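So that you can tell them apart, the chains are marked A, B and C in the order they are listed, and the count of residues begins at 1 in each.
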């Protein structure tokens, strides 16, 4: 005699984990494992670059220019991904490029998420004029073409690591602000916040101790996806030449290097771009997976 | 409604002012701007003359006032490198950018709207999955790389399309394609998800209950509501488009504002860069204002609110 | 006696999901006459809303399908119509009111336009006759000063008003059958009574047949002439309202009636039925209510009870009845 729980037929059915077929569950986990592996690989590559790279990234060679990759006719294992127009080993430069991309990305994320979150919580919690003011600035920052600003900075400060970080940070915080403000608004009316107010806690304390821990979940999701986007932005700048200056390789500048040799050395431009795409997609999938995992149904408060 | 517009206009002007201030300070950020103008043959006397001409020997406040005055009069200064008015250079470059930008925008919008709606109405079909996949790919791969790969395939390998020049319509294919690529994935995704949300709503159900043909249910009832969400991100899209234009013009050597900006950046011709930045700021802010107004038109709740 | 407007015979509707077939409606039959209100009562998930959608043949696309039975409206079997013909029926012959007035109206169009849309579609009137028709639809739902709200937007009206507008949309083309799916659930208790009275009013004026879907037996007692009690996809008892209250024959029916709290009973306990409805994917053999039934016998566990006609108007499906 069984009386089991029933999925409500008339309500819009949301899939429950207990009912999902095994196949789907494996696929779902795969959607996390592969991107996570890519990320871990990226971090390891960045850290261990000097040991992983077979050659120094700036070692030029006049005789070994534009050699094809190992798996193409004419190539050899000596230069697995071939060499570029100055005879530099593409694989090594790609490895060092990972280091550049990741460090720029992480630094910008640290700065922008910090500022953006602080502003977002403030705007969301305090409301009124503060909110309106912050959001107006955020809107402008969001709709301002970042590349142009980056060029202005490049002109006045000269290209370099910190110029890139600054360029990306000046406008980059706005995405976080909007999101965090939304989450703050949602939490602001919860009972535990009301309790804290009744207990006489100051707004600052409430924002720090009550609101902030509760916006961590969506924040983590966004940060994960931001890694990829920052890499995209930095590579765009480097491609145009206003990013990381040579001889340090950036995936973006490597694509630019190969621009004039498309007819005889397509690999110079192709591989860095594929890598960028791979990292960004991994970030997106990982973020999606995290977001699903942290669905309020399953979240512990 | 009128009050809404006026409020927005004032905010826009304020924002513009803020940006001009920011640009002013940025340019002077590295200290003496003339440092950037120094060439190997310049003598201290020549530099002093230049400094005086630029008014750099005056106080910051005075400088700022002159800067504002000039700009509002339309005097954007002289290019260092080309020794001609910045205005002229811009007048030459702008039409080219528009020739590229406007068709790209129109095609991009039409494509993303139709594909997004199509994907939403044929949910989970091969069509839908294909579009979702393309959108993910499109957002992950860098635009400049895709453009270069396109050049590799269509220009170098198949020799079908030219990668430079502006003479005939076929020259437009790759550049416009690239520009469209910059906006398509995100817009398409937005339209699709917005449409999906709306299609689930009760009033769409009611429209079907009324017995309306599916065509009308989708385009008159669902679509109109689905537009609201993407419209709010139109501002951000525009920012992306500007970046996209810069990159596209660079790749295809298109003599527009983007290429001008880049070359001026490299030659340290900062009056040009400064002017372009401010002009673009005006355009972007202006477009945002337009978007806000059209948003009010589409969503009656905004229109009627006494804010 | 009025003619029978709708005759449903052995309707079966299933949802085909990744996890299997959900038999939301598993063979139900009933009829409704002109000018009569037939109530379909049951707990959430019993299939009553799906029944309403099935009659309109508007099931959610991937997954929902009518797999058997006949739906005969004024002599025509709706199952035989193609898409275009069915569309012509919707809004004109059959209409439906949904539960939530807040979301039933399109937020970006004016009230007048939304009603006029139906009128223009189905009635083929010359343009200058459309507005009077819209206004008369609004009047039918007793909306005061209808000319004033023609140009308003849904968000400008109160919940009760919106629900009346939804009613106007439904009645604007003088349908023969109106299906109301829990129309009072989202309304305040004070407005509920008013709204229900409206239904009686409309019915008197237009002689429309009404199917009233609800989970609330209290509402049933006020407005329904006859009732069908649904449980787990099947109708377990059908009877005129008065009879069903006086002498319910199915254990589920009587349990439902007793669970309506009443102010004049001395009982201070709230009565509810123990247990949960069965999983629609894994239906037990035998009577579906058996696991929760206080009167179950051995045969109940093994075989589904047949439908027994007690009188002309009263049928039950229960082994206890003989």
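FYI, a residue touches a chain if its C-beta (ideal position, glycine included) is under 8 Å from a C-beta of that chain, and two chains touch if they have at least 3 such contacts.
Owing to the predicted nature of the structure, the values given are computational and were not obtained by experimental measurement.
Novice: By mean C-alpha position, what chain is farthest away from chain A?
Specialist: That would be chain C.
Novice: Which two chains are joined by the greatest number of C-beta pairs in contact?
Specialist: Ranked by contacting C-beta pairs, first place goes to A-B.
Novice: For chain A and chain C, what's the span in angstrom between their mean Cα positions?
Specialist: 51
Novice: Roughly how far is chain A from chain B, going centre to centre by Cα mean, in whole Å?
Specialist: Chain centres of chain A and chain B, defined by C-alpha means, are spaced 22 Å apart.
Novice: Which of the residues in chain A end up touching chain B in this complex?
Specialist: On the chain A side, the touching residues are 12, 136, 139-140, 142-149, 151-158, 228, 232, 235-236, 239-242, 252, 255, 258-259, 262-263, 266, 269-270, 272-273, 276-278, 280-281, 284.
Novice: Flag every residue of chain C that touches chain B in the complex, lowest number first.
Specialist: 56, 58, 62, 87-92, 95-96, 98, 100, 103-108, 117-118, 121-122, 153, 155-156, 166, 169-170
Novice: Please give the residue numbers of chain B that touch chain A in the complex, ascending.
Specialist: 11, 15, 18-19, 23, 26-30, 33, 36, 136-137, 139-146, 148-149, 151-152, 155-156, 200, 235-236, 238-240, 242-243, 246-247, 250-251, 261-262, 264-266, 268, 270, 273-274, 276-277, 280-281, 284-285, 288
Novice: In the complex of these two chains, what residues of chain B are touching chain C?
Specialist: For this pair, the touching residues of chain B are 123-124, 201-203, 205-213, 221, 224-225, 298-301, 304.
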